[in-house]
Amino acid sequence: MSEPSFSHLDADGTARMVDVGHKPIQHRTATAGGFVKCAAATLAALRDKALPKGDVLTVARIAAIQSAKITDKLIPLCHSLPLDGVDVDFEIRNTGIAIRATARTSARTGVEMEALTAVSIAALTIYDMCKAVDKDMEIGEIRLLEKTKS
Amino acid sequence: MSEPSFSHLDADGTARMVDVGHKPIQHRTATAGGFVKCAAATLAALRDKALPKGDVLTVARIAAIQSAKITDKLIPLCHSLPLDGVDVDFEIRNTGIAIRATARTSARTGVEMEALTAVSIAALTIYDMCKAVDKDMEIGEIRLLEKTKS
Amino acid sequence: MSEPSFSHLDADGTARMVDVGHKPIQHRTATAGGFVKCAAATLAALRDKALPKGDVLTVARIAAIQSAKITDKLIPLCHSLPLDGVDVDFEIRNTGIAIRATARTSARTGVEMEALTAVSIAALTIYDMCKAVDKDMEIGEIRLLEKTKS
Amino acid sequence: MSEPSFSHLDADGTARMVDVGHKPIQHRTATAGGFVKCAAATLAALRDKALPKGDVLTVARIAAIQSAKITDKLIPLCHSLPLDGVDVDFEIRNTGIAIRATARTSARTGVEMEALTAVSIAALTIYDMCKAVDKDMEIGEIRLLEKTKS
Amino acid sequence: MSEPSFSHLDADGTARMVDVGHKPIQHRTATAGGFVKCAAATLAALRDKALPKGDVLTVARIAAIQSAKITDKLIPLCHSLPLDGVDVDFEIRNTGIAIRATARTSARTGVEMEALTAVSIAALTIYDMCKAVDKDMEIGEIRLLEKTKS
Amino acid sequence: MSEPSFSHLDADGTARMVDVGHKPIQHRTATAGGFVKCAAATLAALRDKALPKGDVLTVARIAAIQSAKITDKLIPLCHSLPLDGVDVDFEIRNTGIAIRATARTSARTGVEMEALTAVSIAALTIYDMCKAVDKDMEIGEIRLLEKTKS
């Protein structure tokens, strides 16, 4: 099996920011998912107290959107992209909270890092807001679900 | 079972930034872990090409340290903490890369969010740098491993 | 009447960041207020649709807290302060939305700019979220309400 | 009277960042105004000492321009826009300082939030630089004056 | 000799952000250089210990790329540009380390400030990482080497 | 001659943020200098047009102060420091503009990087504001002039 080539590494292994100047501007979307495993009592509390107000999830959604907009500042070799929109959705399940984020842009390169960053920061914000009552949360299943270009 | 109380929510469910002015300044540390699941070919390439140069992991480490320093900007209700130091370590295993980050401060509140943020951004940076060769990575097992106060 | 002296200006009028190194660290609070004048229809919509979810005001509250944490980046000659906490409250009145923000710190200098910045950004966020339905909003009455030191 | 619809809120009241991907790129401008009410002695001092050097207003102008460039970071649901230019003007009147800011862009969405943010941060900077001599300033009359699209 | 006119100053000397809305979008590049003068022992240590790992220079490269992306936040009257790519190279010479950075964009205005900022922050990062062993470093020769537009 | 040890590199050459938690909080200052070489016509224009308004140098001073406050975000392994004050001075000489910046803190680690960053960004800002009339400027002589601890 031949070795895959790393687009961010020069021939001598030096990190670099890939030149995308020759690529066309296209409509691009990416959807990522993730999951915050919580105790049943945390989910009950979220449902009873926080969800009627929507606050924990609203704060997480706002944090996610704001982080998507600075993905290029957080991930060193990412390009700066003008986001056309970001959606962040949550679903409370039996063992935790599922997160799903979609980022949209009209740019020369894809937006999967923006979607993945939004999911990660949403998860960290939920963790932060629930950590006083739940010491055993775990964040996982962060992955790309779909990517389009047109 | 009585419901746990959410420290970031007022009696009426309104989000707020907890007042920590009365808490003593203490030496505090937190260690968090995480894992990036990769294909065997990705790990081989990392070992053969990138690791001799250290670049992928060095870039991820720098991104992790820089994100730990802005955790309060990323997580809306986190307090600003002067970090005394941050360590980020990686271990290449059979199915992926294990990440471990320790944050240290002398402050009125804990540093688990800084450690968890460092791990999350390290994972996203690895993802970004390997995504050209590996479409099926998954980030997970992000959790607090240890917390001290003295 | 003798002329007041500007603490941010040197003898020759040059802007400078005042040295606060000799000042003691003290508990300090500041409360600021402001008002967003809106149409009655906007307030009704806020009450009926948004308020049950709390979203417009929750987003404004989060934006206010996050801006208070970066006041030193926004106002050039402000010092960096570790905020112990920030509270942001809203009251829907007949002609608009009243905003009140309190910032707390343990530092060598006061937090009125943090409280005023929180109010200003909360107002701008409300404006942004309602501007599709209300073209004549006006932000005003931004002022310091109280300041303590102990 | 039918209720206006909030473009930032989904059907169920959830905050979201509106998708602007389908909108055409157009030249857009927005002009906003504001006012900082000051004591006569403050204005005299500004005229006699600061204005010859231009410093208070130059610092306020720079702060305004820099804040316009990060409006999308300050206002959670704002889009990132590449600003073509920002003008900030001041007029010293009998009861205070009038501020006027114009933002220009070639983008898919308008720049009123950039102009309003520039005015707000200019006002806060003036407040910060004069607060040592004037405890009763008030910021107000922040509103959109004009908006164009071509 | 007639006096040159300063594009960032109005007729009355007021600072302003130049309007570039009428300029065409073009492919633009700029290359800048700089030099960090170091002691021979520092260079030897860099060669023997750090260079095999690449760490000092990799950290400097990452810092340079990240600073190029926020040039508009650092230099008050700079426009925000979407960078297509940034290259940063180092050459260890007898008396120090030569730095060379190239920035690329498709925009209405040039990228020399981005290239010069990348060089400056790379130099400061090298300084920071070597300062424990070398008290007499000096940063200089920061200048534009080449600029293209097509 | 034994090799100096790099405080930012672990035994195996890995970059790290040095732990300063055990160091005492002390009053610390650092003064750095730098120089922007300009054409005589540029200096004359600065003297005749800009200096009476102070604008070029005021903008450079503000940019310098603001960059000093984010030194930890620009230089990856720098610690976050609460600055007690920053002074930035300029002297117009025959061949260019001399810059001098002093940073002050009460912290566990020194502020030379803050002073050097302030000088570097002041120089870049002068460059940016004069580049329309002077294509051959060069920034140099950036070095630490003095450092105190008490």
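To keep things simple, chains are lettered A, B, C, D, E and F as they appear, and every chain counts its residues starting from 1.
Here is the rule we use: a residue touches a chain if its C-beta (ideal position, glycine included) is under 8 Å from a C-beta of that chain, and two chains touch if they have at least 3 such contacts.
The structure displayed is predicted, hence computed values, not measured ones.
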Checklist entry - If you take the mean of the Cα atoms for each chain, which one ends up farthest from chain B? => result D
Item to check | Result of counting contacting C-beta pairs for A-E and D-F, higher pair | outcome: A-E
Checklist entry - When the centre of a chain is set as the mean of its C-alpha atoms, what distance in Å lies between chain A and chain D? => result 31
Checklist entry - Quick one: chain A and chain F, Cα centre-to-centre, how many Å? => result 36
Next on the checklist: As a quick test, compute the distance in whole Å between the mean CA positions of chain B and chain E.
Outcome noted: 30
Checklist entry - chain C: which residues touch two or more other chains? => result 13-15, 53-55, 58-59, 62-63, 66, 76-77, 82
Next on the checklist: Tell me the shape of the graph of touching chains, choosing from line, ring, star, complete and other.
Outcome noted: other
Item to check | Complex contacts: residues of chain D adjacent to chain F | outcome: 53-55, 58-59, 62-63, 66
Item to check | For the chain F and chain E complex, residues of the former touching the latter | outcome: 1, 3-9, 12-15, 34, 41-42, 44-45, 48-50, 52-53, 55-56, 58-59, 62-63, 66-67, 74-78, 112-113, 116-117, 120-121, 123-125, 127-144
Next on the checklist: Which stretch or stretches of chain B touch chain C in the complex?
Outcome noted: 13-21, 72-73, 76-77, 79-82, 107-108
Checklist entry - Can you list the chain A residues touching chain D in their complex? => result 27, 54, 58, 61-62, 65-66, 69-70, 82-88, 104-106
